[in-house]
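Can you read through this structure? Questions will come right after.
Per-chain residue numbering starts at 1, and chain names A, B, C and D are given in the order in which the chains are listed.
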Amino acid sequence: MELLALLAFPVLGAAVLAVVGARRWAPEVNVGFSAATFAAACALTSRVIGDGSFTAFGEQFFIDAFNVFLVTLTAFVSLTTSLFSRPYMRIESEHGRVRPQHLRLYHSMYQLFIAAMLLALTSNNMGMLWVAMEAATLSTVLLVTLYRTPASLEAGWKYFILCSVGIAQALFGTILLYFAAERVLGGSGMTALLWTNLNEVKGQLEPEVLTLAFVFLLVGYGTKVGLAPLHNWLPDAHAEGPTPISAVLSGLLLNVAIYAVVRCKVLVEGSLQSELPSRMLMAFGLLSVVLAALFLWRQKDVKRLFAYSSIEHMGIITFAFGMGGAVANFAALLHMTVHSLTKSAIFYSVGHAAQKTGTQTIDDIRGLVTVSPTVGWGLMMGTLAILGMPPFGVFASEFLILTTAMRQEPWSTPILLLALGIAFAAVFRRVQPMVFGETTAKRLPHSPALLPVFAHLALVLLLGVSIPPYLADWYRMAAELISGQ
Amino acid sequence: MIDLTWPIQVLEVFIALLAAPLFAGWIAQCRAVLQNRTPPSIWLPYRNIRKLLVKEAVLAEHASPLFRMAPYIVFGTMICAAAIVPSMGTNLPFSDAADAIALVGLLATARVFMALAAMDVGTAFGTLGARREMMVGFLAEPALLIVIFVASLISQSTSLPAIAEHLATESFALYPSLAFTAVAFSLVLLAENARLPVDNPSTHLELTMIHEAMLLEYSARHLALMEWSAALKLFNYACIGLALFVPWGAATTETPTVAALLGAIPILGLKLVVCGAVLAVAETAFAKLRVFRVPELLATAFLLAVLGLLVHLLLQG
Amino acid sequence: MSDLSLDLQILNAIAALFLLLAFGMLSQRRVVTLVKLLAVQAALLCAATLLLAWRTGETHLYLSALLTLVLKVLFLPWLLNRLIKRLGVYWDSEPLLQISGTMLIGVLLVIFSFGLAQPIVALASTATRSGIGIAIAVVLLSFLTMITRRKAMSQVVGFLSMENGLFFGAMSATYGMPMIVELGVALDVLVAMLVLGVFFFQIREQFDSLDLHHLESLREDR
Amino acid sequence: MSAPVSAPMLLLVSLLGLWVAIGFLGLLRPTSLRLVAHILFPSGAAVGAAIALTAAWSITSPTERWVLGIGLPDLPVHLQRDALSSVFLFLLGAASAGISLFAAGYFRRGEGTLPGLLCLQYHLFLASMGAVLLAADAYSFMVSWESMALTSYFLVTTQHRIPEIRQAGFLYLLIAHLGAIGILLSFGVMQGGSWQFTFDAMRTAELSPGWASAAFLLALVGFGAKAGLVPMHVWLPEAHPAAPSPVSALMSGVMIKTAVYGVLRVTFDLLDDPAWWWGLVAMALGLFSAVYGVVFAAAQTDMKRLLAFSSIENIGLLFTGFGLALIFHAAGMSAPASLALIAVLYHAVNHSFMKGLLFVGTGAVLHATGQRNLGRLGGLIHRMPWVAWPTLIGALAIAGLPPLNGFVSEWLLLQAFLSAHEVPRLFLNMLLPLGTAVVALAAALAGYVMVKFFGVVFLGQPREATLADAHDAGWRERLGMIWLAAGCVLLGLFPNQAISFFALVPTQFGLLEPGATFGRWWLLDPVAGRQASYAPLVFLSIVLLCVVATILVVTRVYRRRVRRAAPWDCGFARLDSRMQDTAEGFGQPIRHIFEPFFGMRRELPSPSDTTPHYRVEISDRIWTGLYVPAATLVQRLAQAVVQLQQGRVSTYLIYSLVTLLVLLGFAL
């Protein structure tokens, strides 16, 4: 029942907002629907904690510890993003950068995007997972080009072409998976693509076909995750769109893509005895961390800077999932949570900072702390959190990942630490003059909504200092699921 | 027999205090003779000090209390150093209050206070003198430490009386390491006491003098105290040298007695006469070095001390 | 070849033609003919699906054949031609690499994908298992077409031919995907085309040409 | 909590919690300076004093452990208090009491960040240092270690409007972070096969000599970066002058010592049998830092940079003592090893008092005159006696002059060096005595630097007219300075009591049998085999006796008449204040003698120059030789990588095609 509510609210919201999206009170409606979705997500979580994982609607949907925490995270961050987008979009329309009828498109596509992500997370059918990912891409393409500037058009075009081609590879991977599954489960059509069935029977699937399928799936969904050689669309898409969209893209869509990759890895690893899938994931992860760290060094636009930081963190998470084992998976899940919370908090403060100074180029944003301490300190705290400074949760997960890496792959630790050091130097060198120093920022017509920023940072601080026991068991359960015990 | 240790200690310090100007006068006489000048009377330093004490003290307008306090502190530290140095007798009560390193520290305190007083007046000469004095100081200290290190290796102790006693009572043996360190020590003595190769004690040419430049602003009783403590410093250094390298003849009885003290004084007097003559000869032989040649001089001193140390570890180790 | 029944022979012929069309699109510069080739490719796919449906009696295959016919043979080419007339983009200029070079790479890609598909073909139970190799080849060739084109329109056509290849692969490996997935995919392709239409108008309005070299401002190395 | 927690540990943790509470109280009314200055900082000082007392009282009681509920699920926060952490807790508490008292009077309006925020950062900084000293597992150590770096970064950049201060802050946090990475790697190596990160697990994990050496070197580099050991010292002369004076006093006095605590904890506690060359590496770095620091201090013209370089010198001495103790420990000579260890601990405590006092003194001067450049100060002793005399005590103490505490720790270090020739290794017994000479050189140079510092700032004539209206320090600042000066004097006069306090650390490490005494209460005689003693009380009383006697005799006998006149100007025009020796002038002999140390650039006026001016630019060779090339290397690497993103869609498509093909190749 909660699952139905969970998926219905956003779709309903999209429909309603398609009609009233341009009204003055449309943002409030948007917040309302997101809140409703969040409530449904909480109900769903309590149900899963209560009586374990379950399938619904004729096994088309499957909820277990792993995807339910992602669902709650998605719902929560989409709620806070809608809270943030309320003043943000009002200021944007007052500054004349967005025309009213575009707001209608914005609000409805936003809700549709949330619906697509929730569908992708909860669906049991690998085909539906692919369809939902494609829908998510399509809904955000229009949002990225909302401002109709040449740069946003170019970003939108690249985002569309690269992601569609990527996801086409994933479709071929799914076809091969279906092909392998059909040989074992018999051609009963509907049940062959269900993840639960595949999970039970993964021992008997042919290794060659699965390796091929995994390669296509990895390249496909890897493009959506933004792993190193396939990442080129990510900085443009995350920088040119309106900031709430960048926050949701960076915070949530990447998580959903990694979720899909992990689902496939679980299947493939079960059948293949070889180390190939985890080796590939680790190679991709390491390459992304190193390349992203070096890219960070020469950034001029603040949102591109944090987009590359997302690539780096996705690299770390992929590397952790590649290592496998209970502790590494636990740390990767924790890292996904704290990364999406911190990155969205950073994008909120960056959004307001860009509005205050009217530009996104780093050299023109100076001295935020003096004019508006909340935005300045929010950005500083967010940056320090994302760079892995200890009191925050990112350090906790990085600590676990590094220590497991030291135990399993000692050769990789110096490379990781060096890349983290270079990233720290590059990002902090850019952010420090933005927060401190002589100010260039001006007052804003509407007071910035900074409750979400500090709510997120408080959560991350809590996860850094002491992880609540029930959350820890939840993650541990999910970690066991992933490592297939 | 009533316990005479403390009175003997005070007596010894008193004797040192009086003998210091005499020693300075004797060196001045030898130098005059060597430069075939008619030598000044040996009591000239005493008369000089008495003359200065009665004069009216003239202080610079903005001299701070530190300037007025410095002479007394420097003189006090010099007296304390005299008490530590086993010039006449060992096993004195005050000797185990401080060992050789503490003595070097004490002399460093005197030097620092003199330099601060020189800078207090704020004239070019004072600060110039202070800067050069501190330079000589920090160059000489490593060599001095190695000399003490070698001496302590031989006699398993860093307190000067113990070293002197050990060398005096041991059977006579030729220590090559002591020979090296003796030469090194004499160079350090010349540098620290502003003798000729490093600094001309009798010059008043503002740009060349180091020690005198610091005393430029002092007058009357402050100058007297400063002169006296300079003489006492030279006397102490000579006694340290004698204690380390020529220890025989000092009163080494367990509990110091007046008889032993009286016995030790003439021997010390004789040694000081010879040492003063040698010092005068050395001064007339060397020409004054440029200020930035002094580091090379003290570097050779340091090298000799290290050679002494290595020789000790190699041969007598 | 002779022991295969008639319809299998036709299916293999269709597969071969499918591959040939992919090569044709690789070397074509006129956008209008490019769209025509796409339509023919889609028609071939629809014929193959119909034939297979007739042969195996799967009901949902008829439906997917109908879907392909309506969507990919009729609607999309009509939409593309209308866009071409409205935007006046008839010619695609010299591609980055001259034709002979691209063809050589194409051949290499075909060889690679055939070698790749060999183990799978041995396993497959479906009659048209050899189609998997062709499907992979068509996917890689359309990938190459998209790389070597300078006009946005021809890139989109490359993307659609890749979709055709994928469907052909699905059809030959597992007799098509489950119905709900087929519908989802068709819906996505439809929406994608609408979005692309909107894109073309905006790009045209901004850069008054569909040439891709305008879309190179977001770069790092300057 | 499982085991019942003993009183001292509970008290210490609650006091640290009190510090955090005081910090957050500041946020209640962040703009009100009165609340912060009159209530919060003094109560912070009281908490500091309480921590010092608890540490002193609790050092004799055995090691206490406590496992808190918070922290990672399978690695809760472990806390542990033993003799070593008690000594450093005493150091933290005592020094921070005086410095907080001074800070109460120091912070005024317009000091960059709001007073309330400053109070929060200040007290969080203190609490995190306390947490570092109590942490007993890798995770909580790293969390407190880096939050110490983070809070001190915010304190350094209080006046963030000035670009140089931002630069200094960035450099500081970057090197602190890289150091922390080194420490994390060292913990990773040290946990050996046990996959647990509590210190107890690390003690029991037996490592192969290769891994143990790797752990030691990583720890040395990591903690050396925080301490300011030479190759990693570049941040220290930038960060300390940039911070407000009480903060630089805390950083120089206490934060650097946490690095020494870390190194001692890793080598003596967690790693069991050290290799012989470990100590040599530490000592070589220490000696080089000592000379490098003091030589650069002598050539500085900014008084806070001078003190920062002097901190590098003292850190060099600390690491020399630590290296010496390690060499003796490896050679099995436990008596000299414990003596060297005591010398290190004693010097750490002394330095925190001395350097804290000097930085606080410069803070008072900075507030009174607004000048930091030595060329614009002078003659302040007349207007600021309450600041001048305690600073004189601090200067004499750091120059290592006998009655004060600097001399005692130096004396102990030299005594430890004296038994260095018995080390069995071949070349070592000849090389180590040379270490004595370098230590003596560094100490003497410290005297030189302090004469320059005190003489140029406080003595002579004021070099600027504006110095005339310099006002003396407020009563709270005086109280803080007197507390620190008293610390210097008492630590100097009662070495025996202090050493019995420090000797518990070598006993805990098994180098010394419990209950060892070092001579009678007034006489310090540490080395059994050797007759070497030092009795500061008797020493000082004799000196005072002589001085007073002279004063009485001279003034009584020769009437006390004094006349004031102009100083001697050898007959030319009247001398003015510009003829005094400037800071560059006073450093000239050092620059001349230690030429190779400096990267020097001189601007000499040409003969025909109408407005001749003379300027010399001192640059740090290590910065230009090591850090700049590293930065350019990363720059060039980034330049190469960025070519990947050329903006054309087709190139991106080529990338994904190639990736696909490569992976398929693998999958064959």
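Operating definition for what follows: contacts are C-beta pairs under 8 Å (C-beta built on N, C-alpha and C of every residue); 3 or more make two chains touch, one makes a residue touch a chain.
Since the model is a prediction, treat every value here as computed from it, not as a measurement.
The most centrally placed chain, judged by C-alpha centroids, is D. Subunit D has its Cα centroid 44 Å from the Cα centroid of subunit A.
Separating the CA-averaged centres of subunit A and subunit C is a span of 31 Å. Inter-chain centre distance (subunit C to subunit D, centres taken as mean C-alpha positions): 70 Å.
With centres taken as mean Cα positions, subunit C sits 102 Å from subunit B.
Multi-chain contact residues of subunit C (touching two or more other chains): 116, 143, 146, 155, 215-218, 220.
Under the contact definition stated at the top, the residues of subunit D that touch 2 or more other chains are 642, 644-645, 649, 653, 660, 664. Taken residue by residue, subunit B touches two or more other chains at no position, since every residue touches fewer.
Chain pairs recorded as touching, per the definition above, are A-C, A-D, B-D, C-D. Of all residues in subunit D, those touching subunit A in their complex are 69-73, 139, 142-143, 145-147, 150, 157, 160-161, 163, 166, 169-170, 173-174, 177-178, 181, 184-185, 188-189, 191, 195, 197, 634-635, 637-639, 641-642, 644-645, 649, 652-653, 655-656, 658-660, 663-664, 666-667.
Only residues 157-158, 161-162, 165-166, 169, 211-212, 214-216, 218-219, 223, 229-230, 232-233, 235, 276, 280, 291, 294-295, 297-298, 367, 369-370, 384, 389-391, 395-396, 399-400, 402-403, 406-407, 413-414, 417, 420-422, 424-426, 428-429, 432-433, 435-438, 464-467, 469, 472, 476 of subunit A touch subunit D when the two sit together in their complex.
Of all residues in subunit A, those touching subunit C in their complex are 125, 127-128, 130-131, 134-135, 138, 141-142, 145, 148, 150-151, 153-158, 160-161, 164-165, 168-169, 171-172, 175-176, 178-179, 182-183, 187, 189-190, 192-193, 206, 208-209, 212, 235-236, 239-240, 295, 298. For subunit C in complex with subunit D, the touching residues are 96, 112, 115-116, 140, 143-144, 146-149, 155, 212-213, 215-221.
Every residue of subunit C that touches subunit A in the complex is listed here, in rising order: 60, 116, 119-120, 123-125, 132, 135-136, 139, 143, 146, 152, 155, 159, 162-163, 166, 169-170, 173-175, 177-181, 184-185, 187-188, 191-192, 195-196, 198-199, 202-203, 206-207, 214-218, 220.
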